[in-house]
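Reading through the structure tokens given below for one structure.
A, B, C and D are the chain letters, set down in written order, and residue numbers restart from 1 in every chain.
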């Protein structure tokens, strides 16, 4: 019998599989951190976890509350600083980074600054933090988010962090280095980006979800390839490790 | 230098390195006793209208005694460097001490949520904001630390973050590639919390340094709060770990548990209950006012605040949490 | 970007950050065992025609086992980063391994005098030189480490050092002031000597770092020689002092007394008698040839060289000198 | 009876008096280092000694052989790096630096690169090292040297490090920050620079030396003010400290 799991567990397990061994990943708190930790304990033992405030390859004793708290460099190999981490991205030595935000558009541009007019915002959010830096400088940026129409928008109220900007050639024209969004993992599906247009496309549908449901929850037209994969659900082994070793306090997976 | 594009928001501080040089020329390099209290340090160096920066990372290794003192003394119209700020921003916003912010990360407390009060203040129209990314702000400080008028990065290109900044896009004279030029930033005053300092200001930070090494070198005046003061001979025993030399420092204040309720690496973890209380009471402005009176305006010192937060007993609990020993 | 003035000498290395990014993308980030010998490290990473940089400060904390090995293996047509180089330059010049040099300080040994042999080689016309200052070269490495194509400084302005460089004068887009833009430099390979490293390359330097933190981050390939290898758990016990993380490193070689005859802070002082002997024998090319045969070409390893220089007895004398205890 | 002294001792004592208390000085090996150490033990106990490779305020156990050897950060308050030191100069926090060279011209420009044509040098010297950086970025640069015609030249074969370049306005036009040569201390006299033209002028003559002798040993026309000071010879106390405490091994003062 297939094991039961919640949506947060699914997203974390799916995300972890995309993190290749021997690569570096800059993570935030919560689900991205859990995904990276799970990857280390499954497919990618040599995955290197980095935190923007300076922690390099820690032996995480618990889920961090802040990307700068003590756990992020607990028994790390180096406790550096923000310039060190961001220039490591700039040199091309950081493979993955996880981003979050209030809005994302069809080219993977992200808004974490404000809703409404910039000068008279309806809601003010934190802003870029390190997100714009990661989105500009890492090879592959990833997002884990719930899938809802208000979040997947035709046009962000404010582009805080770059995806592919206006689409094909957008990054090049702006002067950004090669890189950009890689996978968007939601509670409904995994989205990637069309190789030529760089528009968001469905890559695999989670168990029980069909493409029209995903499109219905998306505020712009998704590219829907003729053949769409089906997301492999979490294995019993993944769930065991996630629940027993990665997040025994259920701080992240309990939030589903 | 040909400017290909530029941000539209105001630049709050002059990026002229020669004006900064003239200032630093006058600042003494004598290794003299700089010990003082948080009260005196704030009175002397954090003046109405000045531009302030706070070290650490929001609720990690923050100079919270200085942050509280600024609010308690009722400073107004400050400029603020909103880089990697969370709880420090929340406290300063509660005091409405600033009216202009260079912002990379504000109003949030990372995984803990958003500060309603800070958001209200930022949505009120009372505060001018210019946008940046964390690295862009670190690069601005680094340029100042290097004595040049601008720094270079490829961040912010193509985004509204750039558009709402005061940066400019320039072309590399060697490769023709585009880079964002960010103007050097010399804050009038910065406060940084460290593990150990001697009376002259030579300081040791253990664990991550965030952007504090750049900030210490960019700030015109620098207030150091330290968990403990050590004899200069202790500093000289291992000069490799000194990251802030005395000649950058104006004031040294010994403040044990000075990052509370923030985390202090190797010493004590953050007080998540107290931080949650902040977020909770902010829902009701009346309740929040009472809360501020109780914890900031109604106490004489940071030490009294620590007592009201549970004193030594609570601090010992947080020390235990920081050991990461399994129960 | 408007160029107001530019140096006339050749730029030996491409300052394109995207080519560097493409290289670094392929370099593994896995924490794997990188231990090897100086022989294998030089064979693999220091290839004919490549651009080489040496860490330390001339006769202080230099990776001399690698320097000797490069000469012994007879490398030719290297580019060389002549920043803060003294004895290392002298040895490499003796082997005539380079034919182009970015120079800030060459042919001299500070207070000890000038190397006649190195001067002869530099005056022979066989070596192309482009001039810089020490800081300009450090700024070139720092720009590379930051992933941008140029760095900024006010050094070199108005001088022949600038004229004979490959730098350019540009105008600040904020202040209109002049700055020297120095092109980023990614050496093909660098060797740095450290106090401790683990098998993955995580390294600790005690005392001054000179320009090695920038160099470690700029170099495409990095060879670490270490006084001693330590277990990874030792590194993790105090991550604050790690200044070179494993993912920058390609090879780790344990070489006790690896900076000899140079100084190694806290461990052993420079062997001034041996260094004086170098300067003395260089007066006579025949004698110098014999000297090189005896100390470099005629030995199998750096360990043999140490034995020929007096072995453990001499090393113990130098250890005693380094304690700075009065007689 | 006035104490006896050699020319090296005289130069060191004279140089030490120009180093004000509470200021920073970047020194090299030899005489400049001795002058700074002497100043600390006489007029300027709070003078801070810096070394370009990273040593800050060491308790020097002996005369350094290299500006990067262990003694330069022995019981220092910080062991940093070259970027740290040079950017400290750039920020305007280093007051004095000592330079050396093969040639110096009337505006204090210095050559330490080559004699003869640059591409076919008769003699190749080390080059700038950190000298150009100090000369560009410190407030006041100083030189200690023997006074001879071949060294004090009308025009340097190569300007390695900037003095006042072409004279008044030279630094400003080139874009250099304020600063420049302050005192040139030789075995014959102390030279300064005319406030308006920035040409080298005699400020004080050493005991027993007259202006025509100095001019005769100088390859360009010195500014000779109507009133020239007379260098105060080393005091017995200065000599005692220099000989007993600063350089007991006579490594520097034995070279006269």
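The definition used in the following text is that contacts are C-beta pairs under 8 Å (C-beta built on N, C-alpha and C of every residue); 3 or more make two chains touch, one makes a residue touch a chain.
What you are looking at is a predicted structure, and each value in this text was computed from that prediction instead of being measured.
> What chains do chain A and chain B have as common neighbours?
C
> Given the two chain pairs C-D and A-C, which is bridged by the higher number of C-beta pairs in contact?
Higher C-beta contact count between the two pairs: C-D.
> What whole-Å value do you get for the distance between chain C and chain D if each is reduced to the mean of its CA atoms?
28
> Provide the C-alpha centroid distance between chain B and chain C, rounded to the nearest whole angstrom.
37
> List the centre-to-centre spacing of chain B and chain D in whole Å, with centres computed as mean CA coordinates.
A distance of 40 Å separates the two centres.
> Can you pull out the residues of chain B that are in contact with at least two other chains?
Within chain B, the residues that touch at least two other chains are 17-18, 146-148, 153-154, 177, 179, 206-207, 239-240.
> Which chain D residues touch at least two other chains?
73, 79-80, 90, 137, 177
> If each chain is a dot and touching chains are joined, what shape do you get: line, ring, star, complete or other?
other
> Mind listing each pair of touching chains for me?
Taking the chains two at a time, the touching pairs are A-B, A-C, B-C, B-D, C-D.
> Quick one: which bits of chain C touch chain B in the complex? Just the residue numbers, please.
Within the complex, chain C contacts chain B at residues 1-3, 11, 15-18, 143, 146-154, 168, 170-175, 177, 179, 181, 183, 205-207, 239-241.
> Write out the stretch or stretches of chain C touching chain D in their complex.
Within the complex, chain C contacts chain D at residues 56-60, 82, 84, 86, 103-108, 110-112, 114, 119, 122-123, 125, 131-136, 138-139, 142, 153-161, 164, 169, 177-179, 206-214, 263, 265-266, 269-270, 272, 322, 324.
> Sort out for me which residues of chain D touch chain C in the complex.
My answer: residues 28-30, 52-55, 61-62, 64-74, 79-83, 86, 90, 109, 113, 118, 120-133, 136-137, 156, 158-162, 165, 170-171, 173-177.
> Which residues of chain D touch chain B in their complex?
21-24, 46, 48, 56-57, 59, 73, 75-80, 87-93, 95, 137, 139, 177-178
> Spell out the part of chain C that touches chain A in their complex, as residue ranges.
So the residues of chain C touching chain A come out as 17-18, 20-25, 27-32, 144-148, 198, 200, 202, 217, 232, 235-237, 239-240, 242-243, 245-247.
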